[in-house]
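Heads up, there are several structures right after this.
Shared chain: chain A. Partners: chain B in the first complex, chain C in the second.
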Partner chain A sequence: MEQSHIVKSFDDELKLINTTLAEMGGMAEAQLTKAVRALVTRDADLAREVVAEDSKIDALETELDRDAIRIIALRQPMATDLRMVITALKTSANLERIGDYAKNVAKRTITLIEMQPVGNTAHTIERMAELAQGLVGSVLDAYVKRDLAAADDVRMRDEEIDQLHTSLFRELLTHMMEDPHSITACTHLLFIAKNIERIGDHATNIAEYVHFMVSGETPDDERPKGDETSQTIITS
Partner chain B sequence: MNEIKITAKNVNVFYGDKQALKDISIDIPARQVTALIGPSGCGKSTFLRSINRMNDVIDGCRLEGEIKLDSEDIYARGIDVVHLRARIGMVFQKPNPFPKSIYDNIAYGPKIHGLTTSSAEMDDLVMGALEKAGLIDEVRDRLDSPGTGLSGGQQQRLCIARAIAVEPEVILMDEPCSALDPIATARIEELIDELKENYTIVMVTHSMQQAARVSQKTAFFHMGELVEQGATEDIFTRPQDERTQAYITGRIG
Partner chain C sequence: MEQSHIVKSFDDELKLINTTLAEMGGMAEAQLTKAVRALVTRDADLAREVVAEDSKIDALETELDRDAIRIIALRQPMATDLRMVITALKTSANLERIGDYAKNVAKRTITLIEMQPVGNTAHTIERMAELAQGLVGSVLDAYVKRDLAAADDVRMRDEEIDQLHTSLFRELLTHMMEDPHSITACTHLLFIAKNIERIGDHATNIAEYVHFMVSGETPDDERPKGDETSQTIITS
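Right, the complex of A and B next:
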């Protein structure tokens, strides 16, 4: 652990930012889990709860922004302190987006429950969501522990979600061709899958900032990408 | 690559038995601002004074190693120290105008060094220096009044004008803004930024923000050692040495 500052209240202010961030991270993870649980168990009440809870993450982001701006204005942080404050700001923005995606999943779930389920797709989505939640959890852990290797690992693991997304995309297109009645439900599911895939991307964004925070460098290597949906064609 | 104006190599400075600087090696780039930072007593002023041999006048002060100005050893035998100090001017922490008129404060140096041949030429030189120091508009009407009657910030700019008047190549500044308010400080910083077009500036400052604002290169001293040097941006965003890190983030005194 780093030495503490001569001015103790500065340490307290930095700690406060980290506490807010940890709280946001925990909520974002929980929102995603709940939204997908609602989808799998077709539980509209749970989905509505997720929609309602999102504003709490937004409020925390506003709070963190305000605290970070105050630190920059009053403390003029340097070196690791500067990198930490900037990383916290960027991380909170990314967590807020993750919360939004979880909310979108929940909203579409409320609509989907009105329709016939489409094959086993909800479970593939659940698998994607588990991976995404794992990434969010790992990257927040890397942030707290200032663990460069763990942050870089998150950047690499996102590929798996992309690959699942691609295969789900194919599966849904096939369903739609076989049974045009399923198109509405499948379209919602496509968007849900896309939302979860985006959550993985936001986790890797955070991982890049954690890399910067710990090392002072931005990662310059290309990470592997497994999303091939933009080139996917299914012919009957 | 950047042109190097001053090179210090393995410089050790002693006050009697006490070693104040240990094996300092640094290149000072031409026409840039180099900031020297570090805790009190770490040797910043000592190093600054070694650059124009101001330490020579301190009893018991001894220097080993080499300092070159444009690849000429400034400690070599036969170096004219008066001439050297004309090439390397100095501005101090506390503005120290002579108890003379504003005009004479500036004319004094050029007169000694015989830089002008007529009073008209001297007028031009004085006005030019006041202009460059950004003071001209404030003192145009009172060149005959005493320099000590100016405000602190104006006095400091007068001292900078005085340093510029002898047409130096290098200007050393030891905490030039520590006695000034934020506005006067901002004006000096702006002036330093303009002066670096023509002069090589080495500046000691206790303000991290000031070093970050005005310098291109930063050197961190700690207990007589030069711990880390590099591009200012790198020093303040990703210092490599733990001591630098601790100092600039306010973790050691």
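Right, the complex of A and C next:
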């Protein structure tokens, strides 16, 4: 085997990992969008589709992990290449979790459709999901382009989702107190909102890995946080 | 440098990773126990201590990741050794999340202490936490001993936590309907219970990595799941 062939094949293998990661990211984004669309349009079939599709993301994670480990074992990549493979491993775990959150949104949506809708909350959730999806898209773009500034920007943008989450949390608690019949529905909406807030957190996790991949350093500055739900008290 | 010295040093480096992982695991377990103790005894100082201590687990994750990447780059481990280092990387990410969940339990406990206690729910949560802590302890033990059967056992034992979570979820929803003044407190308790259920999930994630580390295969059998909260409807 010629040296150039080995080098070419190594690049191909790295590209394969990135293709799988892009596919996982695209699917995770699509799953989130569909799950929230199902919530807004009260479409149980669409929600069931999201639940069924999740295993495809899981399968891609297994495939990517296997490829990454094979590359490390056979190619022994150094410096940036090694950091890229490690980042891909960590990113795939985060994308798999994002897929799980989208699936959970879809499961709760199937339950919610059997109940009365709660005010305009589904639209606030849709807005949160758009922001979260934007973060996932941006951070994967930053990964592909090895763009430190774009990755750091994602870490800062997560705050807006946190703020929407805090205000929705207060709104849902108030709604439950005013109309105890809505308690089950509001609880599922609280968890849906929390799932989407977590998707934003996973995007920022990936942003930290990309920062590490490009610079070799872990970002040590604290990012701004706007989620105050754990300190919230609403009295009737 | 003699060959034997290199080999010895490589083993030492692997041991260092395992020591850091054991330390992270011990801290994560202790944080969970303290957070739930603070909830049961309504001890805000203890809860604040948990919040303050979390950054130590984060720092250990950064340290372990750096050591693991250095080992891969400099020692180029093969087969089981490589799988062990990759498993350590994935496990550290899961332990860091477990620490985050314990911190969130502590934060919500600080908020809850300002409100009336809700029945006997804190004790059910304590029982869930004991089970979750047992899973974390067992899975780290399985990692150290490279014990496939013990790792698979952890994956099966998670179901009991899920079942307690489902029954507590129903109890808290019913409580909110009967006493709307308890809605804020019950909501924080719902999220605390969810955090502990997630800790169980992270222990099973680690169990899957240990399975992979020992056997080289990803477990493909579906583990039993007892969490039905996303399908729960309580009508008053």
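Miscellaneous remarks
Just so it is clear, the second predicted complex is superposed on the first by the 230 of 236 C-alpha atoms of A that agree within 3 Å, B and C clash if a C-alpha of one lies under 4 Å from a C-alpha of the other, contacts with A are read in each partner's own complex, and residues count from 1 in each chain.
Simple rule for what comes next: a contact is a pair of C-beta atoms (placed from the backbone, for glycine too) under 8 Å apart; a residue touches a chain by one contact, two chains touch by 3 or more.
This one's a predicted model, so the numbers in the text were calculated from it and none came from an experiment.
Contacts of A:62 after superposition on the shared chain: chain C is touched, whereas chain B is not.
With both structures placed on the common chain, the touch criterion links A:45 to neither chain B nor chain C. Using the contact criterion defined above for the overlaid structures, shared-chain residue A:82 touches chain B and also reaches chain C.
By the touch criterion defined above, A:217 reaches chain B but does not reach chain C. Touch criterion met: A:230 reaches chain C, while chain B stays clear of it.
By the document's definition of touching, of the two partners only chain B reaches A:10; chain C does not.
For the contact definition in use here, the residues of chain A common to its chain B contact set and its chain C contact set are 76, 78-79, 82-83.
Chain A makes touch with chain B in their complex at residues 2-7, 10, 76-83, 215-217. Those residues of chain C that touch chain A in the complex are listed here as 62, 65, 69, 72-73, 76, 78-79, 82-83, 86, 89-90, 93, 104, 107-108, 110-111, 114-115, 173, 176-177, 180-181, 183-184, 187-188, 190-191, 194, 218, 230-236. Contact residues of chain B toward chain A in the complex are 208-209, 212, 236-239, 244-246, 248-253.
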